[in-house]
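Both of the next two complexes hold chain A, though its partner changes from chain B to chain C.
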Partner chain A sequence: MLGLNSKDFRLFLVVIGLTLFAPVLLNPFPTESGLAQFNAGYPDLMQRFVIFGIFAIGFNILFGLTGYLSFGHAAFLGVGSYAAVWMFKLLSYNVLPAIALSVIVAAIFSLAIGFVSLRRSGIYFSILTLAFAQMSFALAYSVLSNPKFNLTNGETGLQVYNDDPQIFHSDRLPDLPHLFGLSMRASTDIALGPWTFTLNAGYYLSAVFMVAAFYIAIRLFRSPFGMMLRAIKTNQTRLNYTGLNSRPYTLAAFVISGAYAGLAGGLLAAMDPLAGAERMQWTASGEVVLMTILGGAGTLIGPILGSGLIKYFENIFSKINDDVLHSWFAFMPDGLEDAMVFIVHPFVGKGWHLTLGIVFMLVVIFLPGGLVEGGQRLWRWITGANRKKSDDQDTKHAPHAAE
Partner chain B sequence: MSKTTVSRRGVLKTGAVAGAGLAAPKLLLADGHAYTNAPTGSTVTLGFNVPQTGPYADEGNDELLAQQLAVEHLNGEGDGGCLNTFTSKALQGNGILGKKVEFVTGDTQTKSDAARASAKSMIEKDGAVMINGGSSSGVAVAVQGLCQEAGVIFMAGLTHANDTTGKDRKANGFRHFFNAYMSGAALAPVLAAEMGTERRAYHLTADYNWGWTQEESIVASTEAMGWETVNTVKTPLASTDFSSYIAPVLNSGADVLVLNHYGGNMVNSLTNAIQFGLLDKVVNNKDFKIVVPLYSELMAAGAGENIKGVLGSMNWNWQLQDAGTKAFVKSFGEKYGRPPSNSAQTCYAQVLLYADACERAGTFNPCGVVEALEGYEFDGLGNGKTLYRADDHQCFKDVLVVRGAQNPTNAYDTLEIVEVTPVEQVTYTPDHPMFAGGDLGTCNPGA
Partner chain C sequence: MDAILLQTLNGLDKGSAYALIALGLTLIFGTLGVVNFAHGALFMIGAFCAVTLQRVLSLSYETIDETQKDFLGNPLKVKTPYVESWFGPDVGGAIIEWSVPLALLFAIPIMIGVGFAMERGLIKHFYKRPHADQILVTFGLAIVLQEVVKYFFGANPIQTPPPDALNGVANVGIIFGMDIVYPVWRLVYFLFSLLIIGAVFAFLQFTTFGMVVRAGMADRETVGLLGINIDRRFTIMFGIAAAVAGLAGVMYGPINAPNYHMGMDFLVLSFVVVVVGGMGSLPGAVLAGFLLGILESYASTTWATTTIPGINQIIIYLVAIVVLLTRPRGLMGRKGVMED
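== the complex of A and B ==
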């Protein structure tokens, strides 16, 4: 259905189901319980899950299929955000023109950078993209934010001010990004016994975009164009010898993945109308590489899982402070309690990077295929299907990986 | 694409799925509280959003300690600290409005994006009614904007750029810290007295928003007293070696170097300047001098020996002798074993002020709190007599001019107070050109 084979369609349905019920699935603990600390079902984080999912899906189209490792993808995300906020400033808070422009601007920007960078491959390509991204960061941070020509508002981040033109804005509309009047911050709380689930308009809009982005990615992966990209990854030199010019294909993949990043940037701005220069920094570019590798490069659902895991660590683990730890271990005798807090302390709160680093190392060493491989191994172990080794490449994309 | 056959059934199914997707948002309607995160139980949650990783992590940590101390004092634990010296007696040490104060913490990473994400999670997940803290103007402006949109109160922490209460001012945001204009206004007379009115100044400025506003302020106030500005050079924020920027200073004919740098930038540029022997030079028959307009204890500790005799300004210093300062330094010192920094004091004072405003307003509603804080005048929190101006939500109080101590006796008195500049001298009109273009808007209670 929808031009997908049955396996892909199952996976697609699983992704739709997961995004649709995320507010419930991510809030497994009752609101008042001590474990509520680990709930991730609040609008901001759910939005981040799907938006960075889009970012990672797009990155995977380039990296997973062609093997070109771009170290500057955050630049496109940042450019998308700036474009979106400028639309808010000039036109109105309606998110659709903003998102449309952010995709277009990011695509044009990636066309320019890709045209230059793709003349080289391997490490030289990575360094070129990194250089361009750092250049964009420096431009956004200082150069383009001087008082005479203020395009990015520098360190502070581009915001919407009361005296901006907003020519299509009217008093009936919310003073926040909205979709024809439906504010992106509008939420409904559903109380179900001790549980509370928050359904948020912004999240569902982002989720619709992610599902669409995911669908396009599946079609791309399965198309002749996707096959050509895989051929480039396998052996570009041989491809060139057969008389094929591979550069238009890599450039197309680069622009598509740049447009995905722009979409993610536009959505980020739509959920929260601010574009900061840090979005373009090399650490942000590195993050999407981590997401993709953590989840499983070259797989369909891997990048979404990877981005979810990283954002979960960043937002949940970083908020566990010493007081929370003390309350966890309060049942222990005093000395032991302090000792436990002392042991756990470096791994939570400001130490969340450390925990993430350990997880990343473990995944790369023991699960080179990322979380998707972990899911597959688990599934095969459960079903006892270990003996019959599948020769079909597509097992990588089996739906159980979503779990 | 390989399969693109269109069947009747396919179209119908697709249409049904798409229709359901489009209908979903219609079900989501805002529900009607009086204001965002109205506390319903026996507790109220405050959000402490400080840098715990990144360049300002040490300051963030100090702010966090001070905020925890403030919560203790509000809940009637510990020695009560500044509750005893505060001129408003609304706070009883039984929490705020009878509700026990709890807090959540988050990491801003000194990045606008991360800070907003962290603040949003406090508001959306933990139900925080107020966000406090931070250690950078970019972050302060970004989070202030968020709090305005979300309908909670924001108290800014360490932010020194004019824009926070200038062009980026917001009705739901307040700043207890001083700003670049005040630094300039406080420093200028001291500089004139110490160095004379015929100096030639050379500025090195961190190339971002805060650096520019500080440079603008210092240039304006020093030129007003007769100094000449030889050159202003922007340095990239990520620089760690400033040698190439220092060398031209020697040949420029300048006899004062103004370092509009903060944190690690300042430590490095000052160290480079000392290594080049600038302070031993005699230019235009005058001893060469260095000025660092914004000081912090952390920077002073980082720069070590090099800051001896270098002038700068501060919001507050633990060596002040008023009752509020003494009470705060005593409880902070007894709990953590060292004196607090000026960013710690700012965050501590802000928590108490917020709590006090809630008590006086009789509600946590941001609009009530804003009304209670606007034009509020008080004393006893360490800064002397202080006014929260209604026009721009900037706080007006005395500003300290400090100097790197010549003979520090311990690790904490690296700075000595030269002058307490009275508030009248640093006051400006709300429509001052350096602060123009802002619009407070109206308070937003959210929900």
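== the complex of A and C ==
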């Protein structure tokens, strides 16, 4: 179906189903219950899930498939955001031209950077991309916001002001990013018994883009082009010896992943019409690396899982404070309760980065294939596949993890 | 002329921090072949050694002085640090005041210990894995270390003042018959970095231990075949590299108040420095550190920033890009190191 084999098609359907019903699935706890704070089904967070999912899918095409570890991908996200906000400022709040431009601009930008950076590989490539991204950050933060030529509005961040031209804007249209009049913030609440589910226009728009991005990624993974990228990851030198020039392939992969990042940036701006330089900082680039590795680099679904997990941690875990902890451990005797709160306290709330760092290290050390590999191992352990096929396990396993 | 000298001094000063961190990074890379993204965290831990020592030394007890009143009219509470009550106010006060230089003594064993623990506990297991995995795991470690420090010391920068005697400014221009006023502590930092760099080079050049390590850097296998336990020596070198980063951090405290993410800020630049200098080349790292520091401070002059706006922000990266593309091995890189 759709040019996918049955296994991929099933995965694709699962992803469609998950994104379609995310507002329901992510709100498993009734609104009034004490566990409602673990609900992630509110528009702002769901938008982040899918947008950073797109970002990570794109990054995975470069890192997971081609084996080039870029430490500067956030630059493309930032450029995409700036481009989208400029479209809002000049044309109108309609998101389609904004997103189109952000993809194009990010692709051109990544073509330029990729052309230079891809002349080197390995650690040098990582440092070159890092240098380019830091340079873009510094430029966006200070230089490009001088009064004569204000492209980025520096520290304040680029946003739409009342005196901007907005030539296609009319009074009928909302003063917010919209899709032909449908505001991105429009949402319907559905109350179902004690549960409330919020369906949000912005989320579904981003979700459509993510499903499309995911579909393209599957096709790419299974195409001859994708095989070529894998060959580059496995052994670039040998590939070169066969007389193939690998540069066009790596450059194409770089531009594709840059365009994905631009799409994510454009969507971020479409959800909230503000673009700041901090989106380009190298910590943001590090975040997408974390997402991809955590989920499983080189797998199809991994990056989406990773980005969902990190954004969930960031928004939900960071909200747990001491009062919540006390209520959790209330069933224990007092002394023990305090002790438990004392032990857990550093890892939640403001300390969620610590948990993230530890989880990330554990994944890199013990599960180089990320959560997806963990899931596969668990599945084999449950079904007992290890015992049945322990002989050919190694040969079977290797291509599996690379998928 | 004054301005040029002043900017050169500024550059040497910035460059000494870059050079010290890059030196440690290169030591680790040259010996163990590991790209250590947690090196900035070591720099930060060093700075927080000074903070900790300062706090420990200022631990004090309160006494109530009935003869004096505070602004609310209650008897004044006088805080006396234990150190002062043990050694008398003169010596005790001096100890507190000199806490940053004292922290050097205190930081060396701690940093070497941290280095050993890192190498034996974690990095040892990553020699056989790809460079990307090494980058990722040390990146994770850097996050963890940073967050642990943040948990204990908070997110705000903590002032670590230098001793009063070194706190003022000095007119360094007098030698040249000019008028250049410069903070003393920054001069101390520069001299200190020269001392450390010299010590590391002397250690590698003139001791048997250093000779073995250099041989190991050139050809690890052969040295191993000669019956020398090269792994143990490399572990010690990791400890020394950690100590170099830590000492750089201790001394940096008075220049910029330490905060938990100072390491990361420096790390990015130090990597650029290492690459410009040439991966695995110790003199290259030092040279590139000072060169880039000086370049950066020249680019910050008003003349440069008005000619090309923002040049001071991007000059280092620009140079790195040009160097990597024209001289891929860096200024002093050796053949065969990270050529892939």
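FYI, the second predicted complex is superposed on the first by the 370 of 403 C-alpha atoms of A that agree within 3 Å, B and C clash if a C-alpha of one lies under 4 Å from a C-alpha of the other, contacts with A are read in each partner's own complex, and residues count from 1 in each chain.
Basically, contacts are C-beta pairs under 8 Å (C-beta built on N, C-alpha and C of every residue); 3 or more make two chains touch, one makes a residue touch a chain.
These figures come from a predicted structure and were not determined experimentally.
Chemist: One more residue to check, A:His353. First (chain B), second (chain C), both or neither?
Modeler: both
Chemist: With the two structures laid over each other on chain A, which partner does A:Trp282 touch: chain B (first), chain C (second), both, or neither?
Modeler: Touch status of A:Trp282: second partner only.
Chemist: So which one touches more of the residues on chain A, chain B or chain C?
Modeler: For chain A, the partner with the higher number of touched residues is B.
Chemist: Using the superposition on chain A described above, determine whether A:Ala138 touches chain B (first), chain C (second), both, or neither.
Modeler: both
Chemist: Touching A:Gly34 in the superposition: chain B (first), chain C (second), both, neither?
Modeler: After superposition on chain A, A:Gly34 lies in contact with neither partner.
Chemist: Which partner does A:Asp44 reach: the first (chain B), the second (chain C), both, or neither?
Modeler: A:Asp44 sits against chain B, while chain C stays out of touch.
Chemist: Thinking of the overlay built on chain A, is A:Leu2 touched by chain B (first), by chain C (second), by both, or by neither?
Modeler: first
Chemist: Between chain B (first) and chain C (second), which does A:Asn162 come into contact with in this model arrangement: first, second, both, or neither?
Modeler: first
Chemist: Would you tell me the residues on chain A in contact with chain B in one complex that are also in contact with chain C in the other?
Modeler: 138, 141-142, 146, 353
Chemist: Taking the touch rule as given, give the residues of chain A at its contact with chain C in the complex, in rising order.
Modeler: Contacts found on chain A: 67, 69, 116, 119-124, 126-128, 130-132, 134-135, 138-139, 141-144, 146, 237, 282-283, 286, 289, 293, 346, 351, 353-354, 356-358, 360-361, 364-365, 368.
Chemist: Quick check on the complex: what are the chain C residues that touch chain A?
Modeler: Residue list for chain C touching chain A: 35, 122, 125, 129, 131-133, 135-137, 139-141, 143-144, 146-148, 150-151, 264, 268, 271-272, 275, 279, 309-310, 313-314, 317-318, 320-321, 324-325, 328, 338, 340.
Chemist: Okay, in this complex, where on chain A does chain B touch?
Modeler: Going through chain A, the ones touching chain B are 1-5, 39, 42-45, 48, 138, 141-142, 145-147, 153-157, 159, 161-163, 175-176, 179, 182-183, 185-189, 198-201, 204-205, 208, 211, 219, 222-224, 272-274, 276, 278-279, 314-315, 318-319, 321, 323, 349-350, 352-353.
Chemist: Quick one: which bits of chain B touch chain A in the complex? Just the residue numbers, please.
Modeler: For chain B paired with chain A, touching residues are 1-5, 10, 13-14, 21, 24-31, 52-53, 57, 68, 104-107, 111-114, 116-118, 120-121, 124-125, 136-138, 141-142, 145-146, 149-150, 163, 167-168, 207-210, 212, 234, 236-237, 437, 439, 441.
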